[in-house]
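Before anything else, here is the set of structures, which you'll find just below.
Two complexes are shown next, each including chain A; its partner changes from chain B in the first to chain C in the second.
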Partner chain A sequence: MVGKDCVAIACDLRLGLQALTVSNNFPKIFSYGSQVHLGLTGLATDVSSVSELFRYKVNMYRLREERDISPQTFANLVSSSLYERRFGPWFVSPVVAGINQTDGKPFICGFDSIGCIDFAKDFIVSGTASDQLFGTCEGLWEPNLGPEDLFETISQALLNAVDRDALSGWGAHVYIIEKDKVTKRLLKGRQD
Partner chain B sequence: MRGATILKANEDKTRQLNKHTLMAYVGEAGDTIQFAEYIQANIQLYSMRNSTDLTPSETSSFVRTELARSLRSRSPYTVNLLLGGFDPRTSKPELYWIDYLASCAPVPYAAHGYAQYYCLSILDKHHHPDISLEQGMKILRMCTDELKRRLPIDFKGVVVKVVDGEGIREVEYEDGGQVLAP
Partner chain C sequence: MASLFQQSMPSTGPGYSFASAPTHHSSSGPRQHAFYPYTDNGGSTLGISGATFTILAGDTRSTSGYNINSRYAPKLFRIGGDGPENEGARIVLSVVGFAADGNALKERLDTMVKMYRYQHGKEISVHACAQRLSHILYGKRFFPYYVTAILGGLDDEGKGALYSYDPVGSYEREQCRAAGAASSLIMPFLDNQVNLKNQYDPASGEGLEKVMRVPEPLPQETVEQLVRDAFTSAVERHIEVGDGLQMMIITKEGVQETFTPLKKD
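Entry: the complex of A and B
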C-alpha cells in the first residue's frame, strides 16, 4: 500500500494444509537490502525456495554493483526469474514494495506466478484472501496517507480481510517503509 | 504380529543426525530410509570435516533444501519429517515440521498424517511453552490414548525419544491397557 513518501507491506502468519493449520508463525515478507521488501503467497515450499533464491541473487547483485538494489530493478529481476520457469513455474504470487533511494518515491507492484508485472499506484493484494483484500483496500485506502495513518489503514484492511477468509489470519506482520526508516510491527490478530 | 497389512509393529522410524539432533520420518517405504540415511550421512560428514555440529536450525535448512531439490526432480522423495534438536549455544530445544513438499516450519508441537487431525487439537489445548518433561509425557499419553480410541487402523504404539542438553535417549513408554471412551 502506498502513502505519502512511505509505503507499507503486510502479511498474515498462517501455514496450513487446506483447512488444517500447521503453524501460526510463518512470515511471508522478506527484506532485500534496506528498503526493498518482497511478499510471497502460494505454495509454502516455493515461498521458502523463492525467498532464498532472491536472497542469493540480491547478494550477488550487491557484491557486483557495490550498492543496494532499487525496487524497480528488483521487480524486473523477480519478473525475469519467474519467467525463466515459464513451463514449470514457482507457485507463488509475489508482491514488491520499497522506496527508490535515488528519487525517494514509493514503488509497489505485484506479479502472477510466471512473472507478469502488475504496476499500481495505490495497493496490491495477493493470496487466498485477495477478493476480501480488494474490498477492504478499496474501502479504506486514500491518497497521501502519512506513515501512522498508513499503518492503521493497512492493518485494518488486512485484519478485516483475513477474518472473512477461513484460510488466512493467525497473526500478522506489518512493515512501514520510509526513506530512511523501516518499522516492523507484529499484530497478534485472532488466533481462532 | 505379522499379516497382510502389518509387516512389523515396532520399527524405529528415527535417525540420529548428530549428538543433539534427531529426525523422525514417515512416508513411502524405501524412500524414507534412503532419504533419512542420506541426510544422516551428510550431517555426520559435516561434523567430522568441521569438528563442529550443525545446529538444529541449520540442519533443518539443509534437509529442506535437499527435499526441495528432490521435489522438482524426476523421482521425488515422498517423505514427511519431524526434526527435533537441542541447540547447545542458545540452550533451547527446537522442533521443525517438514513435509514431502519441503514446507518447513518451526513449531512448538507437531504431527504428520492422520495423527494431525486427532493430536493437534489436544496439543493446542494443553501445550504451554514452559511445560516440564513430565507434563509433556502426560500430554503425549493423552494423544496416544486418543489415537487408540479413534484411529480407524489398529494403532501399534509409539517409540518415544527425548532430546535435551545431555543428548538423545529412548524412554520406556508403558503401552497401557484398554482405553475407555471418555
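Entry: the complex of A and C
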C-alpha cells in the first residue's frame, strides 16, 4: 500500500494444508537490503525456496554492484526469474514494496506466478483472501496517507479481510517503510 | 448460518447462459441434449438496519457470463401494499443470484403478504413475513430458488429489521449483510465500518487492557454514505457489479426509493 513518501506491506501468519492449520507463525514477508521487501503467498515450499533464491540473487547483485538493489530493479529480477520457470512455475504470487533511494519515491508492484508485473499506484493484494482485501483496500485507502495513518489503514484492511477468510489469519506482520526508516509491527488479531 | 452461503452461486467463474451450458459433445455416439435450469445473473445487494430505519441497496446490472443483459434490472422489490405498484408497502425484499427465480420468489411472497391482509384484516409484521419467506424457500429444498435474499422493514417497536437468507431458507436477523457476486468484497468492509470489528477505544490502555469499540445504530446519512462507498468500491474491482445503484429506505413514513448511476464499464 502506498502513502505519502512511505509504503507499507503486511501479511498474516497462518500456514495451512487446506483446512488444517499447520503453523500460526509463518511470516510471508522477506527483506532484501534495507528498503526492498517481498511478500510471498502460495505453496509454502515455494515461498521458502523463492525467498532463499532471491536472497542469493540479491547478495550476488550486491557483491557485483557494491550497492543495494532498488525496488524497480528487484521487481524486474523477480519477473525474469519467475518467467524462467514459464512451464513449471513457482506456485507463488509475489508482492514487492520499497522506496527508491535515488529519487525517494515509493514503489509497489505485484506479479502472477509466471512473472507478469502489475504496477499499481495504490495497493496490491495477493493470497486466499484477495477478494476480501480488494474490498477493504478499495474502501479504506486514500491518497497521500502519512506513515501512522497508512499503518492504521493497512492494518484494518488486512485484519478485517482475513477475518472473513477461513484460510487466513492468526495475527499479522506490518512493515512501514520510510526513506530512512523501516518500522515492523506485530499485530495479534483474532486467534481462531 | 446465512454466511455459509455468502460465496453464493455454483461456480467461481462467470455463469453459463442457456446457449453455452456445458455439453459433452463427441462426434460419434448418440447426440445428447442438456438443459441447465440455472444462470448466475451476477450483481450484489446490501442491507443495513439502523435505530429507526432500514436501508436496502442493490446494483442494477444483469449479466450472463461476460455479457450484460440489462443496465437497469432492479433487484429490490416492495412487498405487500396496494395493487400492482405496491403502494404503501412497508417491507422490501432484495434478491440476487438467478434473476428469474428472484422474480418468481418476489411474486410468491408479495401474493402471500397480500393474502395475509385479506384473510386477517391487518398488515403482516416483518418477523412473520421473514419466517414465511424462509418456509417458501425451504419448500423448494430439492429444487431451490437460486437466490440469496435479504428482507428489510421495521419491527413491532419501530426499529430497523433486517433478515438475510441462504437459498434454502436458513435465516438470521442481522445489523448488516452483503450478498451476491461482490459480497466477499463488501462484507469485511461492513464488519469494520458498521460492527466496528478490529477497532479499539484509543483512550483505553494497552495490551489486554484494550477495550473494543461497541457498535451502535448509525445515523441514516452515515449509512447512506457507507452504502455508496461499498458499491463504488465493488464496481472498481468486480465486473458483474455496476451501471446503477438502487436504494430503498424504509422508515415509519414509508419506503423512499433512490437511484444513482454507477460506472457502466
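To be clear about the criterion, the second predicted complex is superposed on the first by the 192 of 192 C-alpha atoms of A that agree within 3 Å, B and C clash if a C-alpha of one lies under 4 Å from a C-alpha of the other, contacts with A are read in each partner's own complex, and residues count from 1 in each chain.
Going forward, contacts are C-beta pairs under 8 Å (C-beta built on N, C-alpha and C of every residue); 3 or more make two chains touch, one makes a residue touch a chain.
Bear in mind that the values here come from a model prediction, so they are computed numbers and not experimental data.
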item	value
Which of chain B and chain C A:L159 touches, first, second, both or neither	second
Which of chain B and chain C A:N25 touches, first, second, both or neither	first
Which of chain B and chain C A:P143 touches, first, second, both or neither	neither
Of chain A, residues touching chain C in the complex	131-132, 134-136, 138-140, 155-156, 159-161, 163-164, 189
Complex interface listing, chain B residues touching chain A	64-65, 68, 71-72, 97, 99, 101-107, 110, 116-117, 120
In the complex with chain A, residue positions of chain C that touch it	182, 184-189, 191-193, 197-199, 229-230, 233-234, 236-237
Contact footprint of chain B on chain A as seen in their complex	15, 17, 20-23, 25-26, 43-45, 48-49, 52, 88
